[in-house]
Amino acid sequence: MSLWADKYRPCALGRVDYHREQAAQLRNLVQCGDFPHLLVYGPSGAGKKTRIMCLLRELYGAGVEKLRIEHQSITTPSKKKIEISTIASNYHLEVNPSDAGNSDRVVIQELLKTVAQSQQLETSTQRDFKVVLLTEVDKLTKDAQHALRRTMEKYMATCRLILCCNSVSKIIAPIQSRCLAVRVPAPSIEDICHVLSSVCKKEGLTLPQDLARRLAEKSGRNLRKALLMCEACRVQQYPFTSDQDIPETDWEVYLRETANAIVSQQTPQRLLEVRGRLYELLTHCIPPEIIMKGLLSELLNNCDGQLKGEVAQMAAFYEHRLQLGSKAIYHLEAFVAKFMALYKKFMEDGLEDMMF
Amino acid sequence: MMSKNSSRRKIVPTKVTDWVAPSFDDFFGNTNILSSTLLVKSSGEANQHQKRKDHSSVPESSKNKVLARIKGKSSSIDHICDHSKQNQSQSQNEPWVDKYKPGTQNELAVHKKKIEEVESWLKAQIFQRQPKQGGSVLVLTGPPGCGKSATIQILTKELHVQVQEWTNPISLDFRKEDFKDAFNYESSFQMLPSQAQTTLFQDFLLRANKYNKLQMLGESTEADDKLILIEDMPNQFYRDRDSLHEILRRFVRTSRCPLVFIISDSLSGDSNQKLLFTKEIQEELCISSISFNPVAPTMMMKVLNRIATAEASMNGEKFAVPDKTSLELICKGCSGDIRSAINSLQFSSLKEYSSENNLWSRKKGKSTLKSNTEASRTKKKKKADKTLENQEIQAIGGKDASIFLFHALGKILYCKRESLSDSEFPRLPSHLSEYERDTLLVQPEDIVEKSHMPGDLFNLYLHQNYVDFFTDIDDLVRASEYLSTADFLCSNWNSRPTLREYSASVATRGVIHSNTARAFAHCQGGMGFRPFHKPQWFLINKKYQENCLAAKSLFSSFCLPPLCLQTQLLPFLAMLTNPMRNQAQIAFIQDVGRLPLKRHFGGLKLETLTDKDLGMPGFENIDEGDLSAMRPLEVLVQLEKNQINETELDEFPLTSSQASGSELPGSQPQPITAQAIMEEDELKIDEYDSD
Amino acid sequence: MQAFLKGPSSISTKAPASKERGTAAAAAAAGGSGEGMRLKPIPWVEKYRPKCVDEVAFQEEVVAVLKKSLEGADLPNLLFYGPPGTGKTSTILALARDLYGPELFRQRVLELNASDERGIQVIREKVKTFAQLTVSGSRSDGKVCPPFKIVILDEADSMTSAAQAALRRTMEKESKTTRFCLICNYISRIIEPLTSRCSKFRFKPLTDKIQQQRLWAVSEKENVKVSNEAISCLVQVSEGDLRKAITFLQSATRLTGGKEITEKVVTEIAGVVPKETIDGLLSACQSGSFEKLETVVKNLINEGYAAAQLVNQLHDDIVEREDLTDKQKSIIAEKLAEVDKCLTDGADEYLQLISLCAVVMQQLTQNG
C-alpha cells in the first residue's frame, strides 16, 4: 500500500491533470530533436518532478523508470571524502548536490565529468545524450553555480542538464540564460479538487465536494500536501462528511500553540519557554526558516492592520539574518522578543484608548 | 602532558629546580644532577654509586642510562669545572623556590584542612592497612603551584614513608641532545620506542610493588613503608585511557602500597582529571580524590614575607627587598601560584635590575596612586576593581590572570557599575537620557579574552543565560537584537577569525547596555543568585542535523527534497496507517514526526554550569557544516541495527515513483540495507530483473 | 552508476524500452532526423552571427573604424564594451574573418573567454607563446593580410586584476606582431593601464527597430510563424540584448512545434510576470487591506514567479507612477534595493515580498 500521491502520479505527459498546454509544449520540445538544458522551477508540490519524469519517459521510454539508489564517494582536492547518494536509471542520473554542503562545487564537477566523458550511448538508442537531473539548484553556492555554467558548455555534446528548483531568484543569470526556463505554477484550487475527486474515485471512495474544496484551500495549493491530508482524513473517518476535521501535522499545531503562548504573555520567562519550544521544533527537523514563516502567519492572525505590516517587516529582516548567520536561534528569538514588545505596546495603547 | 611540563618549565627559569619538585627527581637527570655532581665531585663516583643504589628499584633501563651519563660526565670533568666557576659566583642566589622550600607542615602554604585530609588518607592507607586490602589510589588535583607535590613530600618525610616516583623515560631523548653540546658526549642510550612507555609504566608500578620488602642501602631501616608517586603521566594514556584503567585494576588487585597521582589543572581547556579518571573508574576502584585550591593571598603573603625578611637579613646589600605593597601586588599577580610568586619576588628584588630600569618602582608608584583613589571608594567596589588592577601588575613575572567561564559570565551579566559624580562627566542631553549609564567596572573584552574562549562560543553561553537577568521586555528586545547582530557579524567564513572578537564585544556590551534594570550603581542589588547553564544549542543543532540526515537516508526512496520530506511527508506518515516495512522507519517517524502537544516543554535538560567548568572543548571546533561529513554513517548504522532484516538484503529493486499500479508502488518505503550503506565507498551497482 | 555510464547495452533492458518508445521514435524519424545521420543542431545565435563587418547591425562608428583597417591601415589594440548582446564578440570575429579569410583564421586568432582558465599563468604562457609566433603578410590565396595576430579576450572584466596587470606587459612587448581585443560589459572593471593602451569602443544597446528587423529575418529563414505582438514582446523582454532575443525565439519555436508563436509563449519563456499580475499586486497594496495583500502575495509565490524578477518589474512600474511623490518613490526604491540584496543572499521570497509590499502599501495609502 503506497501513498496516494505516488500511486496516482501520472507517468506520461499526455496524462497529466493540469497545465496541459505546457505538457503539450514539452512534448513538442522532445520531438524537435535538439533538446536544450532545462530549468524547471515552481513551488513545492506543484508537480515539477512529475513533469520531469514524464519528460524523461518521453525521451527514453519506460527504461527511465528502473531506478537504483547508489551511494558514491567523491574525494575533494583537499582529501575530504564526500558521500552522496544518487538515483539513476540507464539514461539519467538524479542528484541533489546541495547534500554535499560546501563542497557542492566539487561534486557537480566530478559527477558531470564522469557522466559526460563516459562512453556515449550506442547510436541505436534514440538519443545521443544523457540527462543529469540536479535538484534543489537554488541551494547551491554561488561558487558551484559558476562551475556549473562552465561545465554546462563543456559537456553540451554528451549530456543535458535538467535543473530543478523552487525559485530562480537564487540562480545566477548566466545559468538562466543558458537554459530554457519552464515554470510550473502550483495547481489552482479547482485543479486540486479535481485531482482529489478522481483519486478518491479510483480508490472507490466518495469525496464530498465541500470537503475537497476545504482540503484544497487548506493545502495552500500544494497538491502533495492535499493528497496526504486527504489520505489522513480517510484514516481518521470514513465515510467522509463535508464538515469533518482536517488533520494537521503536529508541528503546525505545536507552532500555533507557540504563537498563542507568545500572544498571551510577554515576559522574559515566557521568552525562555518559547525558546524551549523552538528548540523542540528544531529537533523535530523543522527548518528554522519554516518556523519563522509559520510563526509569522500565526502571529499575523492575532494582530491588527498597522501592526501586521511592521511584524512582517521584522520577520523578513530576521529571516534574512538567519540565512546569513550561523546560529538560527539568535534570530528566531530576537524576532519573538521584538514581537512581544510590539504587541505589548500595542495592547497597552489600545487599553489607554479605551480608558479615555 | 609534555606541553604542560614544558610550559611549567618556562615559568621557572631553566637552571632552577622546582622547590616543590621532590629531590628524588634528580636521579632521572633533572638539572639537579648537575649541581649535585658539582657538590660531590671530590668524593667521586663511589658516592654516586651509593646514591644510585638507594633507588635500585627504578626501572632497569633508566638506571643504566643514568649510570652511563654519569660516567660520561666524569670523563669530561674539566668542562664542568669551567662551568662551576661561573656557578660559584651565583651560588648564593640559588633560586629561592629551592632555597626556601618548606620543611615542615607549618611552612606549607596550603590550608590546614587540606593537609589533614591528605595526611589522614596516607595514615589510613599505610599504617592501618588491612592485611588483605589491595592497593589504594589517591588523585590530587589543583592549579599549578598550589603545593600539591610539596604537601606529599613533607608528609611522607614526616611519616617516614619512602617515595618512588615515575618519570617519563621519553624525556631522556631530548635530554640527550642537551647534554651532547655540553659534554661532547656520544650517547649510548638505548632508544625507547614510545609505545613501550605504557609497558614500562606498568613494569614500574608492579615492580615497585613487588620489591617493597627489599632493604635499601643508605636508607634508614625504619622507612620500609612506601608510596608510589606519579606526577608525570605517560602521554599514551591521554589517547588511550582504557589501558591506564587496565593497569590500575591490576595494581589495585596486587599492590600493597598506596599510589598517588598528582595532576595539575590547566586552564587551556581539557580537564585532565576528568579525562583520565572517569567517574566509573573512580567508583570501581575506590579512588579517592582531593582537590587543592589556589594558595590563598594571606598564606601567600606569609610565605613571601618570610622569604623577604630572611633575604634582607642575609644579603641586604645585594637585594632590595620590596615593601609590603609590592608584595601584595606580586601576590595578586600570580593568581594563587606560589611558585610563580616566589620567582617574581626574587626577580623583582634584584638590585641591579631595579636600579637600572626602575620598572618596578615606577609601577609601584602607579599602583599606589591607584590604591589611593581606591581608598576613597567603598569596600565593595574594591573587590570589583580587582580585575582592572590585575592588568597593571602583569608586566613582571605575573601570571596570566584567567577567569573561569562561570565567573566571566557572572561579571558580564551582573555588570558592576560605579556611580558617576556629576562634576566629573558631562551628562547626556535630555533626549538621549534613556541611554544614560553609570561607568562600567568591567571590561567585557578582557573578560571574554580571559575566559579562553572564542567569541562566538562565549556568545552562546551568554545567550543561554541572559534572559534570566532581564525584567523588562523592551530591554530584552534590544539585548536579543545585539546577539543577533553579533551572530550576523561572524557569519562570513573568511572574516570570522577577526570578527569573532568584535562579535563578542558587540554581544557582551550590547547585553550589558540594554539591561536598564542594572544601568546604575544604586539599583544593582537584590538580584540574588541565578544558576548558569550550558548552551543547549550544540545539542539541538546536532540533533537537528542527525535527524535530517537520518530522514534523508531512511526515506530516500521517496525521492523528495529534504524540505518536503521533513515538513510534509514525515508528519503525515505519522498519521497514516501505512505499513512501514522497516522498524527503523517506524521508530523514526514516531520520534520525529510527532511533537509533544498540549504538554509543557520538558524534553531538554538544562545542564548547570559550575564554577570550575571550562566550556566545551570538544565542540569548539565543530562547525555546523562538518557534522554532515561525519555523522550519517554512525546514525545510520545504529538505526539499521534496530531494523528487522528482510530476506532479500542484497537487492532492493526500486521502482520509480511513477511506476504504474501493477508494479511495485514507488512510495513503498524500501529498506536500505545496512550493507549498502556501509559499502558507500564503492560504487554499488545493483542488478535488477527486468521482470 | 556504472550501469548508467555504460548505457543500455544489455539486450534485456533494451528490448522492452524500444517497444514503449513507439510514437515518440516515429515522430522523430518523421521529422527527418534519422538516427545517426542527424545533423548537429546549431544554436541560432551562432548560425546568424554576422559573417562580415558589413553585416554588423547598428554599431556604425565601430564599423567605420574597422573598415579602415580592412583597407590596409594598422589596427590598434581594441577594447569593446557595452551591455550584453550588442554584437561585441560578433564584430571582432567578423573582422578577423574579413582580415584573414577562413583558412588563416584559425592560426591567427586566439579566443579566450571566461569559461577558460585565465589566471596569470595562462596569460603569461598561452598568450605569450601565441604572440611570439611570427607571421607573414600574405594569405595563401594571394591577398594581402596584415602581419599580426589577434588575441580576443572575451569577458575581460571577470579577469583578476593581477592577470590584467600581467597582460599589460605582454601587450607592450608583443605589439609588433599581435593586437589584443578586450571585450567586457563594464569598462570600470578594467584596470586603467589597460584601457589607456586600447582604443575604446562603446557598443550601444540595439534599438527596437533594428532588433525587430533581425528577428523577422531569422524567423523568415527558419520558417517560423510569429505574431507581430510576439516579436515586439521579444524585443521588450530582451532589453536590447539581441542574443537573448534570438535565444528566446529559438526556445519558443521548440516549444510550440510548428504553431504560431504568441506573446504568451514569449512572456512565459522569459519568466516575465504578466502586467495584470503586477497591477493586481499594486491594487492590493492600494486597498490597504493586509489580508488581501497576503493572499495576493501567496498566490504570486504559488504561481512560481521569481521574486527578483518581480522586484525589477515593480521598480519599473513604481518609478513611472504619477500618483506618488518623489519622496515616496525614493522610500520605496530604497526598500526595493534592500529586498533585492536580501534575495540574493538567499532570504525567503515570501517574507521579503510581504515586507516590500508592506512598505509600498504604507506609501500608497498615505496620501489616499
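Letters are used for the chains, namely A, B and C, taken in the order the chains are written, and counting of residues starts over at 1 for each.
By our rule, contacts are C-beta pairs under 8 Å (C-beta built on N, C-alpha and C of every residue); 3 or more make two chains touch, one makes a residue touch a chain.
A quick note: this is a predicted structure, and the numbers were derived from the prediction, not measured.
S.K.: Going by CA means, which chain is nearest the middle of everything shown?
M.R.: Per-chain C-alpha centroids ranked by distance to the global centroid put A first.
S.K.: Report the chain whose mean Cα position is at the greatest distance from that of chain B.
M.R.: Relative to chain B, the chain whose C-alpha centre sits farthest away is C.
S.K.: Approximately how many whole Å separate the CA-defined centres of chain A and chain B?
M.R.: That gives a centre separation of 47 Å.
S.K.: Chain A to chain C: how many Å between their CA centres?
M.R.: The separation of the two C-alpha centroids amounts to 29 Å.
S.K.: Between chain B and chain C, what's the gap in Å when you average each chain's C-alpha atoms?
M.R.: 60
S.K.: Specify, in ascending order, the residues of chain A that touch 2 or more different other chains.
M.R.: Each of 66, 68, 70, 72, 89, 324 in chain A touches at least two other chains.
S.K.: Can you pull out the residues of chain C that are in contact with at least two other chains?
M.R.: In chain C, the residues touching two or more other chains are 1, 3, 13, 16.
S.K.: Going by the contact rule already set, what residues in chain B reach two or more other chains?
M.R.: 683, 685, 690, in rising order.
S.K.: Taking the touch rule as given, give the residues of chain A at its contact with chain B in the complex, in rising order.
M.R.: 1-3, 5-7, 9-11, 44-45, 49-50, 53-54, 57, 64-73, 80-83, 85, 87, 89, 94, 96, 99, 101-102, 135-136, 222, 224-225, 228-229, 231-232, 235-236, 247, 249-254, 257, 266-269, 271-273, 275-277, 279-287, 290, 318, 321, 324-327, 329-331, 333-334, 337-338, 340-341, 344
S.K.: Residues of chain A touching chain C in their complex?
M.R.: 25-34, 36, 41-43, 46, 58-63, 66, 68, 70, 72, 86, 88-93, 114-115, 118-126, 128, 130, 149-150, 153-154, 167-170, 176-177, 180-181, 183-186, 220-221, 289, 292-293, 296, 300, 305, 308-310, 312-313, 315-317, 319-320, 323-324
S.K.: Which of the residues in chain C end up touching chain A in this complex?
M.R.: Chain C residues touching chain A: 1, 3-9, 13-14, 16-21, 24-25, 27-28, 31, 33, 35-36, 38, 41, 115, 244, 247, 251, 253-258, 265, 268-271, 288-290, 294, 298-299, 301-309, 339, 342-352, 354-355, 358-359, 361-362.
S.K.: For the complex, give me every residue of chain B touching chain A.
M.R.: Contact set of chain B toward chain A: 456, 460, 463, 467-468, 470-471, 473-474, 476-477, 480-481, 483-484, 486-488, 490-491, 536-537, 540-541, 543-544, 547-548, 551-553, 556-559, 561-564, 566-572, 574-579, 592-598, 601, 603-604, 623-625, 628-629, 632-633, 652, 654-661, 665-668, 670, 672, 676-677, 679-681, 683-686, 688, 690.
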